[in-house]
Amino acid sequence: MQYTLSISTRSRAELVDITAQVQDVVRKSEVSKGICMVYVPHTTAGITINEGTDLDVPRDILEQLERLVPRDGPYRHVEGNADAHIKASLLGSSVLIPVSGGELSLGTWQAVLFGEFDGPRTRRVIVQVIGS
Amino acid sequence: MQYTLSISTRSRAELVDITAQVQDVVRKSEVSKGICMVYVPHTTAGITINEGTDLDVPRDILEQLERLVPRDGPYRHVEGNADAHIKASLLGSSVLIPVSGGELSLGTWQAVLFGEFDGPRTRRVIVQVIGS
Amino acid sequence: MQYTLSISTRSRAELVDITAQVQDVVRKSEVSKGICMVYVPHTTAGITINEGTDLDVPRDILEQLERLVPRDGPYRHVEGNADAHIKASLLGSSVLIPVSGGELSLGTWQAVLFGEFDGPRTRRVIVQVIGS
(Lines give C-alpha, C1' and ligand atoms only; values in the text may rest on other atoms or scores of the structure.)
Protein backbone atom coordinates (compact mmCIF):
# COMPACT_ATOMS: atom_id res chain seq x y z
CA MET A 1 0.00 0.00 0.00
CA GLN A 2 1.29 3.41 -1.01
CA TYR A 3 -0.21 6.46 0.64
CA THR A 4 0.55 10.17 0.23
CA LEU A 5 0.40 12.55 3.19
CA SER A 6 0.13 16.31 2.82
CA ILE A 7 2.18 18.37 5.29
CA SER A 8 1.83 22.15 5.68
CA THR A 9 4.94 23.72 7.13
CA ARG A 10 4.93 27.13 8.80
CA SER A 11 8.55 28.32 8.83
CA ARG A 12 11.57 28.30 6.55
CA ALA A 13 13.15 25.56 8.66
CA GLU A 14 11.16 23.25 10.89
CA LEU A 15 11.05 19.65 12.11
CA VAL A 16 7.40 18.52 12.05
CA ASP A 17 6.34 15.44 14.03
CA ILE A 18 4.34 13.25 11.60
CA THR A 19 4.35 10.06 13.70
CA ALA A 20 0.57 9.95 14.16
CA GLN A 21 -0.13 10.29 10.41
CA VAL A 22 2.40 7.54 9.59
CA GLN A 23 0.92 5.26 12.27
CA ASP A 24 -2.50 5.89 10.76
CA VAL A 25 -1.33 4.61 7.36
CA VAL A 26 0.18 1.51 8.98
CA ARG A 27 -3.19 0.72 10.57
CA LYS A 28 -5.03 1.23 7.27
CA SER A 29 -2.55 -1.05 5.48
CA GLU A 30 -3.58 -3.97 7.71
CA VAL A 31 0.01 -5.24 7.53
CA SER A 32 0.72 -7.00 10.81
CA LYS A 33 4.48 -7.58 10.46
CA GLY A 34 6.82 -5.83 8.06
CA ILE A 35 8.59 -2.57 7.31
CA CYS A 36 7.23 0.96 6.86
CA MET A 37 9.08 3.33 4.52
CA VAL A 38 8.51 7.09 4.79
CA TYR A 39 9.76 8.89 1.68
CA VAL A 40 10.16 12.61 0.93
CA PRO A 41 9.87 13.42 -2.81
CA HIS A 42 11.47 16.87 -2.44
CA THR A 43 15.06 18.14 -2.70
CA THR A 44 14.94 20.87 -0.04
CA ALA A 45 13.29 18.76 2.67
CA GLY A 46 14.38 15.57 4.43
CA ILE A 47 13.32 13.20 7.16
CA THR A 48 14.77 11.78 10.37
CA ILE A 49 13.82 9.85 13.49
CA ASN A 50 14.59 11.49 16.82
CA GLU A 51 13.02 12.65 20.06
CA GLY A 52 9.62 14.32 19.74
CA THR A 53 8.78 14.75 23.44
CA ASP A 54 11.17 17.52 24.49
CA LEU A 55 10.82 19.96 21.59
CA ASP A 56 14.23 21.39 22.46
CA VAL A 57 15.76 18.34 20.74
CA PRO A 58 14.33 19.08 17.27
CA ARG A 59 15.28 22.75 17.80
CA ASP A 60 18.87 21.76 18.67
CA ILE A 61 19.07 19.59 15.54
CA LEU A 62 17.83 22.45 13.35
CA GLU A 63 20.13 25.03 14.95
CA GLN A 64 23.21 22.80 14.67
CA LEU A 65 22.40 22.09 11.00
CA GLU A 66 22.21 25.88 10.52
CA ARG A 67 25.65 26.29 12.16
CA LEU A 68 27.10 23.54 9.92
CA VAL A 69 25.38 24.72 6.73
CA PRO A 70 24.54 28.43 7.11
CA ARG A 71 21.81 29.89 4.91
CA ASP A 72 24.29 32.39 3.50
CA GLY A 73 27.41 30.64 2.30
CA PRO A 74 29.69 30.65 -0.73
CA TYR A 75 27.19 28.59 -2.73
CA ARG A 76 26.85 28.46 -6.54
CA HIS A 77 23.11 27.65 -6.82
CA VAL A 78 21.41 30.98 -7.59
CA GLU A 79 17.99 30.31 -6.06
CA GLY A 80 19.12 31.18 -2.52
CA ASN A 81 18.24 27.78 -1.09
CA ALA A 82 21.50 25.85 -1.59
CA ASP A 83 21.70 25.33 2.19
CA ALA A 84 18.28 23.63 2.11
CA HIS A 85 19.46 21.15 -0.54
CA ILE A 86 22.61 20.35 1.46
CA LYS A 87 20.68 19.93 4.74
CA ALA A 88 18.22 17.59 2.97
CA SER A 89 21.09 15.32 1.88
CA LEU A 90 22.68 15.33 5.35
CA LEU A 91 19.38 14.22 6.92
CA GLY A 92 18.33 11.86 4.10
CA SER A 93 15.20 11.39 1.98
CA SER A 94 13.69 8.35 3.67
CA VAL A 95 13.42 6.48 6.96
CA LEU A 96 12.42 2.91 7.68
CA ILE A 97 10.57 1.66 10.76
CA PRO A 98 9.83 -1.96 11.70
CA VAL A 99 6.13 -2.86 11.92
CA SER A 100 5.00 -5.40 14.49
CA GLY A 101 1.48 -6.28 15.64
CA GLY A 102 0.12 -3.79 13.10
CA GLU A 103 1.94 -0.88 14.79
CA LEU A 104 5.18 1.05 14.25
CA SER A 105 7.93 -0.46 16.46
CA LEU A 106 9.39 2.90 17.44
CA GLY A 107 11.57 3.22 20.53
CA THR A 108 10.12 4.93 23.60
CA TRP A 109 11.40 8.39 22.71
CA GLN A 110 11.37 8.11 18.93
CA ALA A 111 9.21 10.24 16.62
CA VAL A 112 9.19 10.57 12.82
CA LEU A 113 10.29 14.13 12.05
CA PHE A 114 9.76 15.74 8.64
CA GLY A 115 12.57 18.22 7.97
CA GLU A 116 11.49 21.39 6.17
CA PHE A 117 14.44 23.54 5.07
CA ASP A 118 12.87 25.87 2.50
CA GLY A 119 9.37 26.58 3.72
CA PRO A 120 6.74 27.48 4.47
CA ARG A 121 5.22 25.16 1.85
CA THR A 122 2.74 22.35 1.37
CA ARG A 123 4.80 19.17 1.06
CA ARG A 124 4.10 15.56 0.17
CA VAL A 125 5.32 12.49 2.07
CA ILE A 126 4.89 8.96 0.67
CA VAL A 127 4.28 6.15 3.16
CA GLN A 128 4.59 2.56 2.00
CA VAL A 129 4.15 -0.57 4.12
CA ILE A 130 5.62 -3.91 3.06
CA GLY A 131 4.68 -7.17 4.79
CA SER A 132 7.27 -9.80 5.55
CA MET B 1 15.81 -9.05 -8.63
CA GLN B 2 19.34 -7.97 -7.77
CA TYR B 3 21.35 -6.13 -10.39
CA THR B 4 24.86 -4.66 -10.30
CA LEU B 5 25.70 -1.42 -12.10
CA SER B 6 29.24 -0.36 -12.96
CA ILE B 7 30.03 3.34 -12.51
CA SER B 8 33.25 4.95 -13.75
CA THR B 9 34.05 8.13 -11.86
CA ARG B 10 36.39 10.79 -13.23
CA SER B 11 37.48 12.91 -10.24
CA ARG B 12 38.49 12.40 -6.63
CA ALA B 13 35.10 13.75 -5.49
CA GLU B 14 32.04 13.74 -7.70
CA LEU B 15 28.26 13.28 -7.56
CA VAL B 16 27.24 11.17 -10.56
CA ASP B 17 23.59 11.09 -11.68
CA ILE B 18 22.69 7.39 -12.05
CA THR B 19 18.88 7.85 -12.23
CA ALA B 20 18.56 6.49 -15.79
CA GLN B 21 20.49 3.28 -14.99
CA VAL B 22 18.41 2.69 -11.84
CA GLN B 23 15.16 3.30 -13.75
CA ASP B 24 16.36 0.80 -16.36
CA VAL B 25 16.73 -1.92 -13.68
CA VAL B 26 13.23 -1.14 -12.35
CA ARG B 27 11.79 -1.67 -15.84
CA LYS B 28 13.68 -4.96 -16.28
CA SER B 29 12.44 -6.17 -12.87
CA GLU B 30 8.82 -5.96 -14.09
CA VAL B 31 7.80 -4.98 -10.54
CA SER B 32 4.78 -2.71 -10.85
CA LYS B 33 4.44 -1.55 -7.24
CA GLY B 34 7.10 -1.76 -4.54
CA ILE B 35 10.38 -0.31 -3.33
CA CYS B 36 13.73 0.08 -5.08
CA MET B 37 16.91 -0.06 -2.99
CA VAL B 38 20.17 1.37 -4.37
CA TYR B 39 23.16 0.13 -2.37
CA VAL B 40 26.84 1.14 -2.47
CA PRO B 41 29.21 -1.70 -1.41
CA HIS B 42 32.17 0.66 -0.82
CA THR B 43 33.45 2.54 2.24
CA THR B 44 34.73 5.70 0.51
CA ALA B 45 31.63 6.33 -1.60
CA GLY B 46 28.00 7.01 -0.69
CA ILE B 47 24.66 7.80 -2.25
CA THR B 48 22.00 10.49 -1.94
CA ILE B 49 18.89 11.83 -3.64
CA ASN B 50 18.91 15.49 -4.59
CA GLU B 51 18.51 17.86 -7.53
CA GLY B 52 20.13 16.74 -10.78
CA THR B 53 18.88 19.50 -13.10
CA ASP B 54 20.93 22.50 -11.94
CA LEU B 55 24.39 20.94 -11.60
CA ASP B 56 25.32 23.72 -9.18
CA VAL B 57 23.35 21.84 -6.50
CA PRO B 58 25.52 18.68 -6.56
CA ARG B 59 28.59 20.96 -6.67
CA ASP B 60 27.36 22.88 -3.60
CA ILE B 61 26.78 19.61 -1.73
CA LEU B 62 30.31 18.40 -2.54
CA GLU B 63 31.93 21.71 -1.65
CA GLN B 64 30.08 22.00 1.67
CA LEU B 65 31.05 18.40 2.55
CA GLU B 66 34.66 19.40 1.80
CA ARG B 67 34.35 22.42 4.15
CA LEU B 68 32.86 20.20 6.90
CA VAL B 69 35.32 17.32 6.38
CA PRO B 70 38.47 18.70 4.73
CA ARG B 71 40.73 16.27 2.85
CA ASP B 72 43.62 17.20 5.13
CA GLY B 73 42.58 16.95 8.75
CA PRO B 74 43.95 15.52 12.00
CA TYR B 75 42.96 12.00 10.97
CA ARG B 76 44.51 8.73 12.19
CA HIS B 77 43.86 6.51 9.14
CA VAL B 78 47.17 6.44 7.24
CA GLU B 79 45.87 5.89 3.71
CA GLY B 80 45.12 9.59 3.15
CA ASN B 81 41.42 9.04 2.48
CA ALA B 82 39.93 9.33 5.98
CA ASP B 83 37.83 12.25 4.77
CA ALA B 84 36.29 10.01 2.09
CA HIS B 85 35.24 7.43 4.71
CA ILE B 86 33.66 10.14 6.88
CA LYS B 87 31.83 11.76 3.94
CA ALA B 88 30.49 8.32 2.92
CA SER B 89 28.97 7.83 6.39
CA LEU B 90 27.46 11.35 6.43
CA LEU B 91 25.74 10.71 3.07
CA GLY B 92 24.84 7.05 3.73
CA SER B 93 25.33 3.77 1.87
CA SER B 94 21.84 3.27 0.46
CA VAL B 95 18.71 5.08 -0.70
CA LEU B 96 15.18 3.83 -1.16
CA ILE B 97 12.70 4.99 -3.80
CA PRO B 98 9.03 4.02 -4.08
CA VAL B 99 8.09 2.20 -7.31
CA SER B 100 4.67 2.79 -8.81
CA GLY B 101 3.34 1.81 -12.24
CA GLY B 102 6.67 0.11 -12.96
CA GLU B 103 8.55 3.41 -12.59
CA LEU B 104 10.56 5.16 -9.87
CA SER B 105 8.27 7.59 -7.99
CA LEU B 106 10.88 10.33 -7.75
CA GLY B 107 9.82 13.93 -7.08
CA THR B 108 9.99 16.41 -9.96
CA TRP B 109 13.51 17.61 -9.16
CA GLN B 110 14.92 14.43 -7.64
CA ALA B 111 17.82 12.45 -9.07
CA VAL B 112 19.77 9.50 -7.66
CA LEU B 113 23.33 10.75 -7.10
CA PHE B 114 26.26 8.40 -6.54
CA GLY B 115 28.81 10.07 -4.26
CA GLU B 116 32.44 9.38 -5.16
CA PHE B 117 34.87 10.64 -2.50
CA ASP B 118 38.10 8.77 -3.35
CA GLY B 119 38.15 8.46 -7.14
CA PRO B 120 38.61 8.24 -9.96
CA ARG B 121 37.67 4.56 -9.82
CA THR B 122 35.32 1.97 -11.25
CA ARG B 123 32.61 1.41 -8.65
CA ARG B 124 29.76 -1.03 -8.21
CA VAL B 125 26.19 -0.16 -7.24
CA ILE B 126 23.63 -2.84 -6.34
CA VAL B 127 20.00 -2.20 -7.31
CA GLN B 128 17.28 -4.39 -5.85
CA VAL B 129 13.53 -4.10 -6.44
CA ILE B 130 11.01 -5.58 -4.02
CA GLY B 131 7.32 -5.88 -4.89
CA SER B 132 4.63 -5.12 -2.33
CA MET C 1 11.58 -12.42 10.77
CA GLN C 2 12.22 -9.75 13.38
CA TYR C 3 15.05 -10.25 15.84
CA THR C 4 16.36 -8.05 18.65
CA LEU C 5 20.08 -7.86 19.46
CA SER C 6 21.42 -6.57 22.75
CA ILE C 7 24.57 -4.42 22.53
CA SER C 8 26.60 -3.36 25.57
CA THR C 9 28.63 -0.25 24.90
CA ARG C 10 31.63 0.74 26.99
CA SER C 11 32.23 4.45 26.36
CA ARG C 12 30.21 7.61 25.92
CA ALA C 13 30.90 7.54 22.18
CA GLU C 14 31.84 4.40 20.31
CA LEU C 15 31.32 2.65 16.96
CA VAL C 16 30.73 -1.05 17.67
CA ASP C 17 31.12 -3.61 14.86
CA ILE C 18 27.96 -5.75 14.94
CA THR C 19 28.41 -7.42 11.52
CA ALA C 20 28.74 -10.96 12.92
CA GLN C 21 25.53 -10.69 14.99
CA VAL C 22 23.59 -9.32 12.00
CA GLN C 23 24.95 -12.07 9.74
CA ASP C 24 23.86 -14.60 12.34
CA VAL C 25 20.25 -13.34 12.17
CA VAL C 26 20.33 -13.52 8.35
CA ARG C 27 21.37 -17.20 8.55
CA LYS C 28 18.64 -17.96 11.09
CA SER C 29 16.03 -16.24 8.89
CA GLU C 30 16.71 -18.77 6.07
CA VAL C 31 16.02 -15.99 3.55
CA SER C 32 18.17 -16.71 0.51
CA LYS C 33 17.63 -13.49 -1.46
CA GLY C 34 16.29 -10.23 -0.11
CA ILE C 35 17.09 -7.21 2.03
CA CYS C 36 18.24 -6.97 5.66
CA MET C 37 17.23 -3.91 7.70
CA VAL C 38 19.14 -3.03 10.87
CA TYR C 39 17.18 -0.55 13.01
CA VAL C 40 18.17 1.40 16.13
CA PRO C 41 15.17 2.21 18.40
CA HIS C 42 17.07 4.92 20.34
CA THR C 43 17.42 8.68 19.88
CA THR C 44 21.03 9.09 21.08
CA ALA C 45 22.49 6.24 19.02
CA GLY C 46 22.67 5.62 15.28
CA ILE C 47 24.04 3.19 12.74
CA THR C 48 26.30 3.30 9.68
CA ILE C 49 28.21 1.06 7.30
CA ASN C 50 31.92 1.71 6.96
CA GLU C 51 35.34 0.10 7.29
CA GLY C 52 35.76 -2.25 10.26
CA THR C 53 39.26 -3.60 9.50
CA ASP C 54 41.45 -0.57 10.26
CA LEU C 55 39.94 0.65 13.54
CA ASP C 56 41.39 4.09 12.85
CA VAL C 57 38.51 4.63 10.41
CA PRO C 58 35.71 4.33 13.02
CA ARG C 59 37.84 6.51 15.34
CA ASP C 60 38.20 9.17 12.63
CA ILE C 61 34.44 9.13 12.03
CA LEU C 62 33.74 9.59 15.77
CA GLU C 63 36.36 12.33 16.19
CA GLN C 64 35.13 14.29 13.15
CA LEU C 65 31.52 14.02 14.40
CA GLU C 66 32.78 15.43 17.72
CA ARG C 67 34.46 18.35 15.90
CA LEU C 68 31.24 19.03 13.94
CA VAL C 69 28.90 18.60 16.92
CA PRO C 70 30.88 19.21 20.12
CA ARG C 71 29.56 17.77 23.38
CA ASP C 72 29.42 21.25 24.86
CA GLY C 73 27.60 23.60 22.56
CA PRO C 74 24.92 26.28 22.78
CA TYR C 75 22.18 23.65 23.02
CA ARG C 76 18.72 24.05 24.57
CA HIS C 77 18.06 20.45 25.66
CA VAL C 78 18.84 20.35 29.39
CA GLU C 79 19.88 16.71 29.74
CA GLY C 80 23.44 17.37 28.55
CA ASN C 81 23.21 14.96 25.61
CA ALA C 82 21.93 17.23 22.84
CA ASP C 83 25.08 16.45 20.83
CA ALA C 84 24.22 12.74 20.98
CA HIS C 85 20.75 13.36 19.52
CA ILE C 86 22.21 15.47 16.69
CA LYS C 87 24.95 12.92 15.90
CA ALA C 88 22.29 10.16 15.80
CA SER C 89 20.32 12.08 13.16
CA LEU C 90 23.44 12.80 11.08
CA LEU C 91 24.33 9.09 11.00
CA GLY C 92 20.75 7.79 10.68
CA SER C 93 18.62 5.24 12.52
CA SER C 94 18.76 2.35 10.05
CA VAL C 95 20.86 0.71 7.36
CA LEU C 96 19.91 -1.72 4.63
CA ILE C 97 22.08 -4.49 3.22
CA PRO C 98 21.29 -6.74 0.25
CA VAL C 99 21.06 -10.47 1.06
CA SER C 100 22.22 -12.99 -1.52
CA GLY C 101 22.83 -16.74 -1.15
CA GLY C 102 21.65 -16.46 2.45
CA GLU C 103 24.48 -14.05 3.34
CA LEU C 104 24.89 -10.27 3.69
CA SER C 105 26.21 -8.85 0.38
CA LEU C 106 28.60 -6.42 2.08
CA GLY C 107 31.53 -4.97 0.13
CA THR C 108 35.04 -6.24 0.94
CA TRP C 109 35.79 -3.55 3.53
CA GLN C 110 32.27 -2.93 4.82
CA ALA C 111 31.14 -3.57 8.39
CA VAL C 112 27.89 -2.70 10.17
CA LEU C 113 28.80 -0.16 12.88
CA PHE C 114 26.46 0.67 15.76
CA GLY C 115 26.99 4.30 16.79
CA GLU C 116 26.80 4.93 20.53
CA PHE C 117 26.79 8.64 21.41
CA ASP C 118 25.52 8.66 25.00
CA GLY C 119 26.91 5.52 26.61
CA PRO C 120 27.93 3.38 28.20
CA ARG C 121 24.55 1.64 28.05
CA THR C 122 22.84 -1.57 27.04
CA ARG C 123 21.16 -0.90 23.70
CA ARG C 124 18.75 -2.77 21.46
CA VAL C 125 19.09 -3.24 17.71
CA ILE C 126 16.26 -4.70 15.60
CA VAL C 127 17.22 -6.86 12.61
CA GLN C 128 14.59 -7.74 10.05
CA VAL C 129 15.09 -9.79 6.87
CA ILE C 130 12.66 -9.53 3.96
CA GLY C 131 12.74 -12.00 1.06
CA SER C 132 12.28 -10.84 -2.52
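As written, the chain order gives the labels A, B and C, with residue 1 at the start of each chain.
Rule of thumb we're sticking to: contacts are C-beta pairs under 8 Å (C-beta built on N, C-alpha and C of every residue); 3 or more make two chains touch, one makes a residue touch a chain.
Because the structure is predicted, anything quoted here is derived from the model rather than measured.
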item: Intersection of the contact lists for chain A and chain B; value: C
item: Chain C against chain B, contact positions shared by both copies (same if over half, else different); value: different
item: Centre-of-Cα separation between chain C and chain B, whole angstrom; value: 20
item: For chain A, residues that touch 2 or more chains besides their own; value: 68, 90, 92, 96, 130
item: Chain A to chain B touching residues, read off their complex; value: 1-2, 37, 39-43, 68-69, 73-79, 82, 85-86, 88-90, 92-94, 96, 124, 126, 128-131
item: Residues of chain C that touch chain B when the two form their complex; value: 33-35, 48-51, 54, 56-57, 59-61, 63-64, 68, 90-92, 95-98, 100, 105-110, 130, 132
